Amino acid sequence: MASACLEGLKPIFKTKSHVVIYPASGTGAWEAALVNTLSPGDRVVIFDSGQFASLWSKMAANLTLKVDAIPGDWRRGADPAALRAKLDQDPQHEIKAVMVVHNETSTGVKSNIAAIRRTLDDAKHPALLLVDTISSLVSMDYRQDEWGVDVTVCGSQKGLMLPPGLSFNAISGKALAASKNSRLPKSYWRWEEMLEPNRKGFFPYTPSTNLLFGLREALTMIEEEGLDNIFKRHDRHGEATRRAVRAWGLEVFAQCPDEFSSSLTAVLVPNGFNEADLRAVVLRKFNMSLGAGLGKVAGKVFRIGHLGYFNDLMLAGTLCGVEMGLELAGVHHQTGGVTAALAYLTDQAQS
Amino acid sequence: MASACLEGLKPIFKTKSHVVIYPASGTGAWEAALVNTLSPGDRVVIFDSGQFASLWSKMAANLTLKVDAIPGDWRRGADPAALRAKLDQDPQHEIKAVMVVHNETSTGVKSNIAAIRRTLDDAKHPALLLVDTISSLVSMDYRQDEWGVDVTVCGSQKGLMLPPGLSFNAISGKALAASKNSRLPKSYWRWEEMLEPNRKGFFPYTPSTNLLFGLREALTMIEEEGLDNIFKRHDRHGEATRRAVRAWGLEVFAQCPDEFSSSLTAVLVPNGFNEADLRAVVLRKFNMSLGAGLGKVAGKVFRIGHLGYFNDLMLAGTLCGVEMGLELAGVHHQTGGVTAALAYLTDQAQS
Amino acid sequence: MASACLEGLKPIFKTKSHVVIYPASGTGAWEAALVNTLSPGDRVVIFDSGQFASLWSKMAANLTLKVDAIPGDWRRGADPAALRAKLDQDPQHEIKAVMVVHNETSTGVKSNIAAIRRTLDDAKHPALLLVDTISSLVSMDYRQDEWGVDVTVCGSQKGLMLPPGLSFNAISGKALAASKNSRLPKSYWRWEEMLEPNRKGFFPYTPSTNLLFGLREALTMIEEEGLDNIFKRHDRHGEATRRAVRAWGLEVFAQCPDEFSSSLTAVLVPNGFNEADLRAVVLRKFNMSLGAGLGKVAGKVFRIGHLGYFNDLMLAGTLCGVEMGLELAGVHHQTGGVTAALAYLTDQAQS
Amino acid sequence: MASACLEGLKPIFKTKSHVVIYPASGTGAWEAALVNTLSPGDRVVIFDSGQFASLWSKMAANLTLKVDAIPGDWRRGADPAALRAKLDQDPQHEIKAVMVVHNETSTGVKSNIAAIRRTLDDAKHPALLLVDTISSLVSMDYRQDEWGVDVTVCGSQKGLMLPPGLSFNAISGKALAASKNSRLPKSYWRWEEMLEPNRKGFFPYTPSTNLLFGLREALTMIEEEGLDNIFKRHDRHGEATRRAVRAWGLEVFAQCPDEFSSSLTAVLVPNGFNEADLRAVVLRKFNMSLGAGLGKVAGKVFRIGHLGYFNDLMLAGTLCGVEMGLELAGVHHQTGGVTAALAYLTDQAQS
């Protein structure tokens, strides 16, 4: 079963290289990406694109890395130009890794990983490219090998439709080579001790067996629906949600259309209103948990998730809950969000 | 556990008398109600109020009973006046039982059981009153003892939120007395052989053990929410659905407001349109099964279920699926059904 | 799924004819076999071979049949010679059916169905042959068509390894023809109303859906292990158990080696000892339920089940529980039962 | 639920201090114990008492600690005198921690933690005491506070009867204080970031939610049976197993009676025989997995587990499988092991 899972994950990441599975949540796979490739005091660049980038950044600092954050207002994805500026000021190649969150779960903003890769290539900079796909993998197109990603980080509980408890690193040859010289202390996360037994279908320590059975089934379900169909479904749900948001007269937090997330949508609440009140009403009246505003957008933004094992009517019910919640919580808005979403979904279903 | 289930069911039926549990679907409990109380050739009156009444009627004929059906157009519930006419023409008390479906699953029309009881009482007619509550129990108010019902028939898979496979008879003292003289051959369904071991917590033959564990849990869940709250929830969903239907410009099949079902709503499709086409589209595009038109309303009526383990957002999603389906299937209608339902649900949530 | 289950059951019964599935326990399928083929007052012959034969006999009487029981001491199976005598005294063919329990769950005695068939044939008697295989099907060889059985009765919770709640009739062409003239009132059990919708993959009323999913999986498991391997496994467990019993100095209730059951073994306790005391000790100390002595062997016989999803070590653990229970309960016996069983199992594993 | 789990674990560890829960397997909790308390290059002493001690030792080295192993032949537990010698040679208190495996899963040898504590106290040495209880907690008596343990490491899949995927640190005040000065890089495992949100019932990152529900139920089950009863049950199974082993003429690997494990028993196979062959036969013939000989006892020792959700008859079945396997695999032995175990279990059941 180990082999079925390990091999089955490769097309998911679109890689021919290695994938390892940790009995840990996604945060663990973040740590694995760092401790396997870097050494104490190494300089890393991270785009401060949202709360999870910010937590990953804090983790890097915790792990004694020198973190060089590219600031952002969270409404835009990673900016290749800003990275280029950093790289140009680094002729000594002190920057050892560039960390990007592909899809910020706190903001619903997607970053262009291919563009980041091109920026590194254009600058002829050897830094590793580490990418968090926790809320994008199996929901939006992702291509480890084609985009030249060195380590991709993911978890089990979003696009893979499983309970939390498994996390993953997809590892390029370059990353694996870097791990030979990495001096951050590591043991649980150490790739080489994983890869060796993995080859024979074993794990170096007790894996989360039950979740591996689930993973095998999830991979079968993904194959049955087809990755491209899954992406289309998520794109459709993202667009329907944004149409609802606009019809409500509210603002989608993400500012740039080609950065809209297909797995979740963050929505700005009007000034003077706290999103926590909306979420409280929706939870109490309709037993639905909306995502909170996190970090610097706490109070200002709430989030609607539309990913994983999810279909048009679940989305419709979700948007109905939000629309009723806006009314009940007294958030200034127009009705018509659900109507707009349904019109779009109907149109899409027709084609 | 047998005792917990048997005792726990009594407040559900609002009876202090006996309840028996069959390892069988609801149809089996129909048969039990008849074979325990009647004798070959006995005359029974049944209101032809829908497809399930019609199937129960056919069962009675299969069992060699003389069935005297009170015809109906299925859009109205059992008519006490029509029953009174029958009773008045039966001075010899040849009619041994009156069979009523409390809530017709095929039409969404509820019958007034208390009124039927009063009619029998007013006519001083001793016929037994047998009531099917398969799609009403735990969804709409029901009172075995107060309404003088002699045998109530129910199943596990609707208001009780379980898989199909258990069914029930709640039995009045009068029904139990009648069973002593009943001459329809019976063994599996024979009350007396059930009641005796039940007293000690046993069953006369292998029960559906796994479903009994589920039943015990369902009874706990019902107690936690409270029967009256459950009824209010179903009433709210019924009204929200009807508002959607009217906003679509369609017609609720049930004609009389005090007969509207709270557990499902049947909807007439416009002339020239076959409801099967609507259901096919909704199933294919949204993976939602609507109820088919059954028997004489096949092609004309589709049904929206809103009962059991169900909440406002599930209903909202359901109505969204119907609204989109109407559009996709080309059924002549107006939009605004979902909007109307949400307005009502929002209003109810406010209070 | 209906078709997968219905077709998949045929090789289990070794029939090319019809199989129907009831949402009911095995007792329901007993009733179905009778009410579909017989008419009020019909004479049936049944071998009084144990408690379940006796219950089936009582059911037949309940259903107004005239029951002609062939007495027995329960330690032997159905006696073809005794049947021949009955048949010879019935030149008018008043006997309409012969009822046999293939494997008596109360005694662990198996009857020779092929011999019963030959007896009917030799006597040129047209009575139907109705056989209960509740505790034999998928555990011991059974051949509906080859043995000329007219109705086979079975349930889900033994050889089929499912929870209780489904039961079956396998129906010969002759039985189906008889059903056209049968006058026992019936509706829930009526074959013709089952077979018609079954042809299109439907059921006439709500089936036990969840159990049908289980049945489909059970049929797959049976196919994977192979019926013949399953029979060998049960034979091995039966023999191992009997060797243990003899080593304990106790007596296997079944007297005739070719009638030993492979799915359970009933054991006589020494005079002066009540088997209920043994069972109570084993339940209290080891959380294991042994089968009680039923009917006329209550107090004298306890039963060890070894069927269904069961393997050598489960049997070994079971026998250990019995051996310790015998000691704890003070039943006069010799040790060595487990040792004898293990010797046999080891020997069998070697080959 | 977080609080129910966190508070509920304290009596299990017999501590009033802190417990943290990681979404990780036990190996992760090993790492957490080290990285939270120690700094790069710190010297740690570990008893080389078995394969898991050896793996933990390797982990410490991986994490840049200077590992000072006290050698052992694996048949004895941690030797306080050997520790005392180490401590006496360390007047500068360079040794920062002493690592002990309470119950070696690879050998079935238990170490005396209280004696280790006394040794540290007697030597007035401030080293932290870190203890692995992965295969002992909830199976054998363990007392975090009374024995002065600083960090206890455990996992979910043994005494706690859950699937693998959760692991734990129970943390003394002294360990918590040490963590303030610890300089090993850490983030995922960092106690302070766990304890802060834990106080409010949260986790710093996604927990293994489903396993937490299981943990809550496991804690209820443990409370129902009672810790002392659970220990007695494990003691009984350990003794019964050892009696079987001796009756087979084989040798229990653990040499010292007060170090016998109650959760598993390792057994030496006779010279010239490879335990892998025995395990292969038992797996193939009886579908039972025995534990392999690990590390330096590979080929020489096999292991019988008897812990967690386990009862007398499961143990009996297990021993039957071993006894038959010994015969089938041609391991030189005497029969009678099962008989000896049953005699003991019977005797214990009597009292």
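A, B, C and D are the chain letters, set down in written order, and residue numbers restart from 1 in every chain.
Everything that follows uses one rule, which is that contacts are C-beta pairs under 8 Å (C-beta built on N, C-alpha and C of every residue); 3 or more make two chains touch, one makes a residue touch a chain.
Keep in mind that what you see is a predicted model, and the values were worked out from it rather than measured.
Interface repeat of A-D: among B-C, C-D or A-B, over half of the contact pairs recur, by residue number, only in B-C. In terms of C-beta pairs in contact, B-C outnumbers the other of B-C and A-B. Relative to subunit B, the most remote chain by averaged C-alpha coordinates is D. Between the CA-based centres of subunit A and subunit C the separation comes to 58 Å, rounded to the whole angstrom.
Subunit A and subunit B, compared by their mean Cα positions, are separated by 48 Å. Separation between the centroids of subunit B and subunit C, computed from CA atoms only, is 37 Å. Residues of subunit C in contact with two or more other chains: none. Chain-to-chain contact here is organised cyclically: the chains close a single ring, every chain touching exactly two others.
Interface note: chains touch in the pairs A-B, A-D, B-C, C-D. Across the complex, subunit C meets subunit D through its residues 285-288, 311-314, 316-318, 320-321, 323-324, 327-328, 335-336, 338-339, 342, 345-346, 349-350.
Against subunit C, the residues of subunit B that register as touching in their complex are 22-28, 30-31, 35, 40, 55, 58-59, 62-64, 155, 157, 163-165, 184-188, 190, 204-211.
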